[in-house]
Amino acid sequence: MRLQARCQMTVEAADDCPLVAMLRPRSGEAQWLVRERYELHPWVPTTEYVDNYGNLCQRLTVPQGEMQIEVEIEVEAEEQIAVEPTAPATPIELLPTDTLLYLLQSRYCPSDKMEDQARERVGDAQPGYAQVEAIRSWIHQTLEYRYGVSDGSTDALDTLGHGAGVCRDFSHVGISLCRALRIPARMVVGYLHELDPMDMHAWFEAFVGDRWYTFDATQDRPRGGRIVVAYGRDAADVAFLSNYGPLEMKEMKVSVERLD
Amino acid sequence: MRLQARCQMTVEAADDCPLVAMLRPRSGEAQWLVRERYELHPWVPTTEYVDNYGNLCQRLTVPQGEMQIEVEIEVEAEEQIAVEPTAPATPIELLPTDTLLYLLQSRYCPSDKMEDQARERVGDAQPGYAQVEAIRSWIHQTLEYRYGVSDGSTDALDTLGHGAGVCRDFSHVGISLCRALRIPARMVVGYLHELDPMDMHAWFEAFVGDRWYTFDATQDRPRGGRIVVAYGRDAADVAFLSNYGPLEMKEMKVSVERLD
Amino acid sequence: MRLQARCQMTVEAADDCPLVAMLRPRSGEAQWLVRERYELHPWVPTTEYVDNYGNLCQRLTVPQGEMQIEVEIEVEAEEQIAVEPTAPATPIELLPTDTLLYLLQSRYCPSDKMEDQARERVGDAQPGYAQVEAIRSWIHQTLEYRYGVSDGSTDALDTLGHGAGVCRDFSHVGISLCRALRIPARMVVGYLHELDPMDMHAWFEAFVGDRWYTFDATQDRPRGGRIVVAYGRDAADVAFLSNYGPLEMKEMKVSVERLD
Amino acid sequence: MRLQARCQMTVEAADDCPLVAMLRPRSGEAQWLVRERYELHPWVPTTEYVDNYGNLCQRLTVPQGEMQIEVEIEVEAEEQIAVEPTAPATPIELLPTDTLLYLLQSRYCPSDKMEDQARERVGDAQPGYAQVEAIRSWIHQTLEYRYGVSDGSTDALDTLGHGAGVCRDFSHVGISLCRALRIPARMVVGYLHELDPMDMHAWFEAFVGDRWYTFDATQDRPRGGRIVVAYGRDAADVAFLSNYGPLEMKEMKVSVERLD
């Protein structure tokens, strides 16, 4: 399916503010970038680098005052995400080297403290996809989707304590429980068609069988129509904007439309 | 300056033909990608990877028959390229590690055979930028720009023998002579505003002082208005399309317009 | 100075246990690997990869039963570490791209929660080296070096709460406070000559001025005689042994001798 | 099998001479580094980096005068190399991304000029391993192993013209013919047990089926007992020593002994 995503932001800097942004999705297995447009007003020089996860990162300095950042992306995306209930857990010794990183505990995913909980959550589900789906489904049914409960310091244990959170928090819980079972899991940020209310979105992927599968604990069924912008261990790695100085987000509008 | 480049290709495959394409420029020190659009007709799934030089590469299979590939890119580019006649040669032991690769001889740049020639070309020019400019200027004045003399197997020595060639050949000669003097040099492919006749273009960069500088032996003066698509050791690394099976280029149209 | 480090471990696996080990230091700015020896008894096939931080990682499976792992390393190390009290904080926009990663909060270094504390700790020290030294010195004077207070789940905030910890905990506190001030900081594990009691060791590095500097909050003065084995964001990235199954460390002996 | 390789070199520099060396093998699928020792006399500071092929490279400056470089390596190596006559050619679209580089023509392997010859050499051998073995066997039977015919500028076409060469030249011919058939092929340098006369050695690997296989056109049968030091596209990438200034090799002694 052909999707067009738009994100318009107005930020205000009290002083010159260095920024690292993740605005440009890359083509990948499940998406092909057809068109992208970025506009910065006012214009400032920007450099780009590829981070350790393969994400394109833009470095710039927001000058004192207001800046508009507009992003418009057109992507051919998968209509359905892959679902494979019988995919087995991959033995650690057979995991591809580049997945090992996603077994480790991280800032918002203290999986080292959550082994018992993970085992309880999956019960007697078959090791692999079925376990991850049991985790995802449990989060969806148990946690309340609610803004204002969490902030930038909330980790997966905090969210379990609150019993509520947003997409980012649900993902951290899912990732932590997977890693506690020795299943590689990573954070994904991007866009989801028909997300309600529309916003930037976050979900997670788990490596079972011989590939990464998509899981989204905020949704009641497997849904395609996703545009991946960045991957990382958790939200610390994939901030849309990482500002190193005071920067106020004055306005942010997101839309995703189907074109075909 | 704001540039819009367009490239429209029609290729025809006698049979399904695997392809690696380099179609997507990246933002960098001297360019900021504002907008890009790609269209494949018919549509086929494509994956993307970053090669050893940092270029974005697209992998796809052209199905039997005709395929249209359209690329449209809008870039904020530098109006002037940096010119620094006094930049000295960088001592080998101080070269950044990622430039060392560009000292080595390569398929089309047999610099190991061209030391004497390089010394003769630069005469008593100061080691560094002045030497590279002496090389560039000599190529521009001595070699004839002519299509049909060279083909995909022509290396820098062949071109010196022919006394003629196209942008790719001029670049290979420039790169080879630089490397023979132990100055890192690399191939660049992309677009040049007001190139005449308009086409995809190739030039080279040399590392002197503490950065890469742009040199173009096809031009009579330093010119900005460049969009870099890919870097590599020589043309073998930066083919716009690398096809692994018969693929006929039926038509190719390139344009570069200034928007501001 | 020429150092020889030895580490002898006996591990016991209740069942076949996949393992990722970091046993092989690399030569770098401040150390040159002269000799290294590894022995596994019994012998098992091992593969090696380079992780995202540049560390050499060994993958193997410990068979059921006991295994001896012996490591012996001879390194030319710096007798003095660099000390540069006036090195200024590097403006974010000038930081090398590969240091940006070390500004981010991580599992054991929740720097996002520690900004106020960091400002209090450094008082009116000059931004840069002097701030990091103020942090290091405060940790050394304030926290008690004591085994048994911390475990594998203890983060920097926990350690501040306990008022005590070991080298790993001191490093996490130092790293967190640096990052909270927007100074890149990273964890180092390795060996230290004349460490008392002798053991594997951990310290941290901070990027100020134009390079990484070594800081060790367990010591009362700057000390050289260090062998770096691995770098990472925090202890999650640089475990000497990461086992994915029950693995008991039955014995571990470490020694570091000066040879010249 | 447990092997110990030694290489002792005496070099003499007329002036300070920057050097990039490849002295340290890495553990891999078929070898596990047990012990290594390097000595430089006189001692000079050295840095190390990982090149684009994953090789460990040492950078140093040889001071004016003589320097001894001693390398001693102990490796657990495979006694037999894998032989799989029925391994099929991998379709281009299924090749792992990191093998694509090894399809490209390079300085000493002008595969773009050798398609007809490659087809002739393999006759009706099955695409894949059988073709590579047909090439290897043809080289072994047809080319004469002789010192003094080739030098640092000799490429695969030159060697076919001479009808003779050394291990490096045989490898270049093998690699070129494989790539001309769209089989990824790469250069390997290292040590071979019982090589006669003993010296540093070079051979090649080809990717067929789902892995790299070892081929050595200098030998009359598949032989294990190999220690890989470095991989690359051809000899330009894997020089044991790349000196950037006059450097005379006064003496070089190589030995490989079996220890078990």
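Each chain gets a letter, A, B, C and D, in the order it is written, and its residues are counted from 1.
We adopt the following convention: a residue touches a chain if its C-beta (ideal position, glycine included) is under 8 Å from a C-beta of that chain, and two chains touch if they have at least 3 such contacts.
Nothing here was measured: the structure is a model prediction, and the numbers come from that model.
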Topological distance between chain A and chain D, in contact steps: 2
Farthest chain (mean CA position) relative to chain B: C
Proportion of interface numbers common to chain A and chain B (over half same, under half different): same
Centroid spacing, where centroids are CA-atom means, of chain A and chain B in whole angstrom: 36
Cα-centroid distance, chain A relative to chain C, in whole angstrom: 30
Cα-centroid distance, chain B relative to chain C, in whole angstrom: 43
Per-residue overlap in chain B, given as positions that touch at least 2 other chains: none
In contact (per the touch rule at the top): chain pairs: A-B, A-C, B-D, C-D
Residues on chain C engaged by chain A in the complex (per definition of touch): 18, 20, 49, 51-52, 57, 59, 61, 91-93, 97, 100-101, 103-107, 109-110, 112-113, 152-153, 182, 236-237, 242, 244-245
Chain B to chain A touching residues, read off their complex: 24, 26-29, 32-39, 43, 45-48, 50, 54, 56, 58, 74, 76
